[in-house]
């Protein structure tokens, strides 16, 4: 017990190790995952974040307007586990977990982070025909101007991985028929297929 | 003599009971008539004794009445005397009060029994026997009354036909009690052989200083015999059995009054007849026995599962206090002991009556089967609390006042003799007091507080006729504790003086100058002066308490606007907190309590529990051993 | 002669206690109580006895100055005590009967519902 | 007479009662961390009470499981007025990752109104301090409203 | 005038107001210093006062299964009897009502508040309270033995050749012959007393009866609002009374000739004793189990007190 007495007495005369928090703000340590910041302008509505979110905190609301679809992405912090998956999976880095830990609210609304952006309708579908099963030679495949993916059939092995990974479900691949079809209306040009392709057959 | 008329009162008081006992049977099954007769008898007796207070207590008269007018001839008292000095009257009053209150309680209480005709016969016989003992001036008369009393008490113990333990308890009581009776009779016979008289006054003039081995033996026998009647240490198991089995109002008498006759006998024997209390060895013995009774019985009580059996063990524990105090042989010790005697009668009576009320209402006194009765019987619970506080010595109730005097006495004795042993006696007293408190908290928690058992949902408060005696007892508990000065002045002081003034007692019976002529009494002792090593002023305490209580009340009334509301309803919010579970019956009581204490003393407690085996032969062995040990001790140290 | 009385008395008392201590049959315990009582009575009577004394009956004709009585008081005591003893025995036996009915045994080792 | 004193004290001595409604223990640990020398909420008057009868603020952690639902509600009901209910972490607010489990019947606000929610999984102790500070404000408001 | 002074004694100075304020202050100091010993900032010294007033403003819930009257009355009886006890203890030679109660009476009077808690808890009909009642009573049993031994030692020492129980005489003796703390024979007793104080007050590490983490504060489990506030206040006043008792028993001899200075010194001593026996002990120990408490008090602490008694008795 004697060492404890010593400890207690020294404790009495030394500076307390308490943070003076509410009176003196404290920053979260580096790498802290706090309040979600959503850069709506960068979002391409791929929906990857919504898919990977374990807590089901992310929801999307879309509204058709004349100019296009008005998409609202809603992050409910009250349901968030702050795992950071959404940010990690966002190819466009539209989601960011800030070190702001101050998430206290009296009402539900205060815990919601929202971002709205307009997804414009495609201006033209000019070179739509250019896609498909190109037969112009071995290395003739060129990236499209509108940013949609193009498949190089010479490299493609029709593994269907891209179709599986496409968040928008825009790709249809048939191994037997050796076809690779892109539904341009659905495609959001997120680039997941290009990134995932083991043969680097998809170009954007 | 202005007090001529009072001469007849004591014998009338005794005869009243005996007459009443037989007149009551004439009433047959007419309950009201029976109650009227019994009540009248008890009240007459009480008032007769109360009328003696002024002449005996205040004016210091000693009333002697010779049965059949057989006055002493040539210094030999042949007739049977009724001699009432302050000591006798003190015990007589105690008896009369307890009997009256217990009797009035019984009127209603006993209606639950099937054969309540003979009850009052036995009850009044018991009362008459006890009254006979304390007022008698004749040794053999005392023995006879002792037997009458024992007989009635055994009958009453076995009285409850529906109580399965009653016969067993009565039988054990009779067998072990017979050892005591045997001892008393043997002692009486030996004393008669020596002195050829049975008159207490004359014996006490002749015996002291003339001690021979026979007389030492006689003393040991009488001491053991009266000790047996007071249920001191090795005789205590039968007391527990008997108290537990008897109807509660009888338990009041057995514990509050019956045991006091033993104490009275011990005082008469050791302070008057043999005057052996001056010997330090005798003091040591009595104090030792007292401490042993005190501690053993209180630890036994902590282990009990029956309300009345627990109270019974406490009776002996309190008798231990009284014996200890009497063993100190100082004025303050005697006063404290007598004070505790009357207090014990009051508070233990009250507690037994509350136990009876619980039995009346619920049909059981088993602690594990009760609980939460305070909600259904608030008055009984309050009365129980008064009794419990009194017996555990919580100021300002009476138990504390007398215990405090006993502590003073023991501690002063320690200083006087320089023996640290007496200081340890104080310690034992305090520890016993705390353990007493503990066991009453156990009772409170098990019976009156805690959760109400579902089957007692329809229990009702005891009837008014049973509550009134209890309230009177509670009031007396409070008043006697509040005015120790008055108690000392009017009751304890004279009684103490009587104990220490054997010469006056002798002279009153045998004629003036008899004591001085025959023995070693120089003169009358002065009135004993009680000096205390400390102070205790209950009235001031109460006044301060009331003042501060008023102040607190005023402050809380003043702050009413800001205070939160007091709410009591029956919804989920007001249900008992069970860590979130739905409230259900779960009662922590009886054997569950005081684990830490029991765990540490498990060896001792287990041993004691096994030792109280319940086999009659074992208890007889204890009694005979006690007899042998006391005899041997007396022979060695006297 | 008186010595024999005293020895007898003590012997009775001792036998009585012996029975109460050792015998487990409740009837025998009652017998022991009785024996103790009788021993005591014997002792009390012996205490009052005077060698050669006559009965303490006061008759004018036979009383001469040389005569003396045995002490009548112990005899009175003994009578009382015998009566009491008889009562106690009766009571105890009555209880024994009830005990046998309730417990089905007379063994004191099995009549121990109240213990601890 | 003492009304003002009492009103002022209401916010200075909030006692907490903590209910675990099926939490993963993360939030519980963080709550207890508040009592450590580093955060030491006792300096603000907070104290963990042993029983809901003493509490002013009820802190609930965990999605409300089927087993714990009745217990939580009963315990919350047993807190004397004025009281404040605080949800600690995301679970009691929305069931979080446990949503849809056969054994989860939350979130808590289906059953009782929630006064303060502290988000985070688990919240940083500083955030809890903020939340509790907000709760004391509400406590004072409720006291004043009475 | 006499009467007025008495009223002042009762209501203001050692009585109601002062003991409340000083008790709460002591409790605050205790909490603050414990925190500092644990390298925390700790609550403000007024924290117990805030707690008290806050509790007054809370709703008082009377459980439906409780014995209502006992449940509500018990705290007030405990508080008032405690304040009365405060009047009997000399504070720095100032004896408000010294000639009315001696040490043994005080020994008994200080059990009344514990009893109030016990019976109040008992009346609340909670099983947690049942366990708490059992434990509280065991702690009372535990400390009573050493406490009476301590009182006997002091009584013997103060009685000269004789004995005394009177607080006045104890104070007087110390004024003449110096404080008992300086008497080597009484040092074990003083140590024992220092251990008895936290047990009696129900502070760490002997607070088994009100262990909030195990049995939900035991007897207090169902209390809320004003009665709870009163119990908390009683607890605080008890700290004051027990430390004042220690000061009177062992450090009563300090006399400067000025009553107010003596009183101030006595109060400083009270605080110091609180710091030593409650705060330090609280900071360095964990809660004992109930049977350990009992064993500790009936062996070690009683042993210390007994040694002192023997020394006082046999060594001049």
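Order as written gives the chain letters A, B, C, D and E; numbering starts at 1 within each chain.
One rule holds in what follows: a contact is a pair of C-beta atoms (placed from the backbone, for glycine too) under 8 Å apart; a residue touches a chain by one contact, two chains touch by 3 or more.
This one's a predicted model, so the numbers in the text were calculated from it and none came from an experiment.
Visitor: Treat touching chains as neighbours: how many steps, at the fewest, connect subunit C to subunit E?
Guide: The fewest touching-chain steps linking subunit C to subunit E number 2.
Visitor: Among the chains, which one keeps its Cα centre farthest from the Cα centre of subunit A?
Guide: Farthest from subunit A by mean C-alpha position: C.
Visitor: Hey, which pair has more contacts between C-betas, A-D or B-E?
Guide: B-E
Visitor: So which chain ends up in the middle if you average the CA atoms?
Guide: That would be chain E.
Visitor: Would you kindly tell me how far, in whole Å, the mean C-alpha position of subunit D lies from that of subunit C?
Guide: Computed from C-alpha means, the inter-chain centre distance equals 82 Å.
Visitor: Distance-wise, how many Å sit between the C-alpha centres of subunit B and subunit D, to the nearest whole number?
Guide: Computed value for the inter-centroid distance: 58 Å.
Visitor: Quick one: subunit D and subunit E, Cα centre-to-centre, how many Å?
Guide: Subunit D and subunit E have C-alpha centres separated by 34 Å.
Visitor: How big is the gap, in whole Å, between where the Cα atoms of subunit B centre and where those of subunit C centre?
Guide: 30
Visitor: Provide the list of subunit B residues touching at least two other chains, using ranges where the numbers run on.
Guide: Each of 559, 562-564, 571, 573, 575, 577, 579 in subunit B touches at least two other chains.
Visitor: Mark out which residues of subunit C touch at least two other chains, giving numbers and ranges.
Guide: Correct list: empty.
Visitor: Which residue numbers or ranges of subunit A touch two or more of the other chains?
Guide: If we look for residues of subunit A contacting two or more partner chains, we find 16-18.
Visitor: Output every touching chain pair, sorted by label.
Guide: A-D, A-E, B-C, B-D, B-E, D-E
Visitor: What residues on subunit A touch subunit E, complex-wise?
Guide: Touch residues, subunit A against subunit E: 1, 4-5, 7-9, 11-12, 14-18, 20.
Visitor: Note which residues of subunit B are touching subunit E in the complex, please.
Guide: So the residues of subunit B in touch with subunit E come to 372, 374-375, 378, 381, 385, 389, 393-395, 400, 404, 407-408, 411-412, 414-415, 420, 423, 426-427, 430-431, 434-435, 437-438, 441, 444-445, 448-452, 532-537, 540-541, 544-545, 547-549, 551-552, 556, 559, 562-571, 573-579, 583, 586-589, 592-597, 599-600.
Visitor: In the complex of these two chains, what residues of subunit D are touching subunit A?
Guide: Residues 37-40, 43-44, 90, 93-97, 99, 109, 115-121, 123-124, 126-127, 129-131, 133-134, 138 of subunit D touch subunit A in their complex.
Visitor: In their complex, what parts of subunit B are in touch with subunit D?
Guide: 558-559, 561-564, 571-573, 575, 577, 579-582
Visitor: Tell me, which parts of subunit C touch subunit B in their complex?
Guide: Those in contact with subunit B are residues 13, 17, 20-24, 26, 29-30, 33, 36-37, 40, 43-44, 47, 71, 73-74, 77, 80-81, 84, 87-88, 91-92, 95-96, 98-99, 102-103, 108-109, 111-116.
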